[in-house]
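Shared between the two complexes below is chain A, which pairs with chain B and chain C, respectively.
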Partner chain A sequence: MTYASHSHSSPDAIDTPDSIDAVDTDRRQFLHYAAAGVATVALGGGAVLTTLTATAEPRTTPVTSTHRWGMLIDTTKCAAGCDACVTACERENGLNLQQSPTDDAADWADQQSAWIRKVTLRDNLTGQVTQLPLMCQHCAEPPCVDVCPTGASFKRADGIVMVDRHTCIGCRYCMMACPYQARSFVHQPVAQKLTQVPRGKGCVESCNLCVSRRDDDRQTSTACADACAASGQGAIVFGDLNDPNSPLHQALAQVNSRQIRQELNLNTGVRYAGL
Partner chain B sequence: MAVTTPHFKFTGIAVCILAFFSQILFSQPTLAADRIGEYVVPSSRAAQVKQCVEPADHMRRYHMELIQHQRDATVRHGIRSTKYSLSNCISCHTGHTAAGAPIAINATGQFCNACHAAAAVTLNCFDCHATIPSGEGWNHEVAQQLLLLPPVSEGAE
Partner chain C sequence: MKRIVYREWRIPPSRYWSLLALLAAVIGIAGLSTLYVEHHGHWVTGMNNSVVWGMPHVFAVFLIIAASGALNIASIGTVFGRTVYKPLGRLSGLLAAGLLVGGLLILVLDLGRPDRLIVAMTTYNFSSIFAWNIFLYTGFLAVVIAYLWSMADRKGWPYNYSIGSFAMVWRLALTTGTGSIFGFLVGRDAYDTAILALLFVAMSLAYGLAIYLLVLMFSFNEDQRPLGEVMLKRLKNLLALFIMVMLYVVLVYHLTKLYGAKYNDIEHFILLGGGVYTLMFWFGWIIIGSIAPLVLLYHPDYSQDRNWIATACGLTIAGGFAAMYVVIIGSQAFPINMFPGKTIVAFGAMTEGNLIASYLPSLPELLLGIGGVAVALFITAVGVRVLQFLPESLADNVIDPHYKAS
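== the complex of A and B ==
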């Protein structure tokens, strides 16, 4: 209805590098009139304008298989004792807001939701120790999807394997089927959550490659990869497996990498180097 | 919708025309909804804008279908730009305390609760979905962009 009139664009402002600004200015002007008394007067134009300059480009069309999102994790760069990726993941997804229902710390450590686990491997013969973050491997042939009785466990067209919590009945078959133990079950009512990441009792959840970032063109990375880079390790490269020019593709072309449990032929989207 | 009889069509057109003129006539200093105080909470942003994402009559009848359609579009297909997003409803319809703190939208007497209580509807949506705008994210940006809202005041739930 009246909102339709807001999506006007000025025809002379197309295809020039400045066009975005031009359109924005237009929209700002419009805001001044349309929301007079709401935004402009009450809060001052400045505050509104700054927020609107950084407008999101959220998806308007369904995802396609043009992209296949994935990661390369170089275990030789993954530092012992560092949990930057885990912490960043928790913050991004509101997992740090979980509250323990018990005093038993060990019990809680087992039960709480974790989308990334830091795993330490030790070769008993040589004594060599390897660190790695383990999360959903975003298989092309995901066993969790095969076993799900309701279709809640699904693979998005762009390769992200995730749980539609609206159809998940909490049976946890997928958790049994996953060779990577990458999924968690929410046992308790969730008191605090982020708007962006709804989560609640009785459903299975796991890494979704920061799905709401994937649906926003301005975002090129995941919380864990960002944090790993910021902490100086740079062990995680996120990107598009299908795009030959992506940094991920180029990194994969240069190093020896493998899939964990390669023999299962799941064609994982997350690959590891240095294993 | 499927039930569009000619009678409804005319009503629809009349509503459009009315909405259009009322926009011109009354849009000067304050844009306030007609239904404030009934279910629309006076301290919500909704009380400051003229109308919902669709005409109120339509919303009253079909909001569940709109949201549920949006749900699949977003979760399955990654479409996050449309106005029927549940987080948008929350951004606009959340009431505020005198001090400006957001009140959970499903709390007793608040927007989604008051009417559902009268209609004996129970929802489990808020087991998972945040009941006030919380954290950062596309949702708030889309809410602002599409609905020309003032910036979200952040608050932990």
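== the complex of A and C ==
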């Protein structure tokens, strides 16, 4: 399994149907060589060395609980009509490669995989409208992990809740249990997928905080947070909940935040401000 | 009580083989449906990311709880010492095993990856009630087989009471476990209550007995074996009692939910404004599936007529499917209450006005469910034909020592 070498290329580099396995490798290599060439011309030999070694290696050490990855989402900054996070997530995880097997758009809308949903709320008393992205909340006490009969739904030591695609039997009990409706079942054959995001018909999947980026120490963010920042909103701050010096920790210290369905006491890794 | 003689089911071969062929054909079609769904993926079903369990689960859960209910008849004879029920024990065990296998097959064949069954059987997460249920279901089959042995073999007879008692505890655990699959789901308003375990126990008693009574009446009628009024009256009164117990638990369930404002929305949805689910609840589960059978079973004239008793059983079973539809699908169709005090205007691709998840059962999933029922009946039909499960007679003078012909 290769990890995240794509992440050095621009996001657009994977936003094409030909970004699947074999073809993708060629394209990546091309981009690396191109980048190396440009770097050689522009910066000289020292930079070449950096560029050539900047390919992510598979993680060789176990994940530890030193980090606990999480996010703060400031709903006051989340703009109406913006779906940059959703689009970026789809591109990062190859969900944009999904093709509808049915002509019924309404059916497909609720059958295709969605790792992030853009949610719009209206306050019943004041009518105030709130926007927010909703994804797996990466609970410290995840109900989906409790109920999974085979243990395919699991929580990593660094707090990421995800599905082991190789032991998921597709029973969907985790989807019944998830209080956030954050999981998707792959309803159709997967014709195209990205190397670092194995997907397959009949298994359950959900946001994994861009786990292949997490296994590359030089990556500090998620696709959705990057896209949100690039679009000028900056509503999503990603980081380490355990690190008092992390931007996430500091952002959390400055605003009142809460967990969705806080009464369930699941200690979510994703927190919301302005909600 | 006279000595009970058990005999194989001796209906004419042409009739028997026709019955088996019919059931086999239904099973075959269900098999093809499964292949179709597995080949194309679940998009060909009505299920989606909101309603993740559909028609197959309605059938599967119904059959599984009915299985444990069907075994109840044997328990009454063995554990509670009601000798009148003892001749019914063997069929009770056979039917229970058949219903369970039928239900399990549906569950397994509806998995996203049924080819990974071996993973499910070798990799366990013991904090999952689902994983525990795998043991409860397979263990149930083993216990039932041992129970049947103790009923049918002289060597097993000394252990009959012990095994029977164990089987009763096991079947209660099984239904409790099945109810808990839903009851332990803290995230959905319709679930998250331990009373679902009790509700499933109560439902299992009623639905298991309704199926048992129909199978008993049909098999005796076909083979011209006498089924006396005494036995029939006891069984139909028992069915009525079980239906009332179930109605009581349904009432308590809804009162529990109605008491807290937290659950007002889901209660309003199921009881008043949920369209097809409200209809299923009131018309299917309560009126057709509970009140109507009670009226028939206690009516001074109708309750004397076997056809009406059979009708009452059929209505109870139909009500059982409606109940499962409400409990399993209705509860998922209602949006999860994530933002109290706020109205969800848009939720991904879903927008206000369409937030109730849509679900329309597709033909393949319906056929898979019906196939499970056919498997249960097929196992029962083969069992009664090749082994001595059915008593030769359940006439009044055979089962009742105090019977006096009037």
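Going forward, the second predicted complex is superposed on the first by the 220 of 275 C-alpha atoms of A that agree within 3 Å, B and C clash if a C-alpha of one lies under 4 Å from a C-alpha of the other, contacts with A are read in each partner's own complex, and residues count from 1 in each chain.
Criterion: a contact is a pair of C-beta atoms (placed from the backbone, for glycine too) under 8 Å apart; a residue touches a chain by one contact, two chains touch by 3 or more.
The model shown is predicted, which means the values in this text are computed figures rather than measured ones.
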Name the contact category of A:121: first (chain B only), second (chain C only), both, or neither. second
Of the partners chain B and chain C, which touch A:59 in the superposed model: first, second, both, neither? first
After lining up the shared chain so the two structures overlap, which partner does A:184 touch, if you call chain B first and chain C second: first, second, both or neither? second
Could you look at A:201 and tell me whether it touches chain B, chain C, both or neither (first, second, both, neither)? both
Per the contact definition in the header, classify A:109: touching chain B only (first), chain C only (second), both, or neither. second
What is the contact status of A:156 with respect to chain B (first) and chain C (second): first, second, both, or neither? first
When the two structures are overlaid on chain A, which partner does A:235 contact: first (chain B), second (chain C), both, or neither? neither
What is the shared patch of chain A, the residues that chain B and chain C both contact? 189, 201, 203
Residues of chain C that touch chain A when the two form their complex: 38, 40-43, 47-50, 52-53, 111-114, 116-117, 119-120, 123-125, 127-131, 134, 181, 184-188, 332, 336, 338-339, 341-350, 357-358
Once bound in the complex, which stretches of chain A touch chain B? 1-3, 6, 31, 34-39, 42-43, 47-48, 51-52, 54-56, 58-63, 94, 154, 156-158, 164-166, 189-201, 203, 211-212, 214-216
What does chain A use to touch chain C in their complex? 101-102, 106-111, 113-114, 117-125, 129-130, 134, 143, 145-152, 167-173, 175-181, 183-189, 201-204, 260-261, 264, 275
Touching chain A in the complex: which residues of chain B? 16, 19-20, 23, 27-31, 45, 48-51, 53-55, 71, 73, 75-83, 87, 90, 124, 127-130, 133-142, 144-151, 156-157
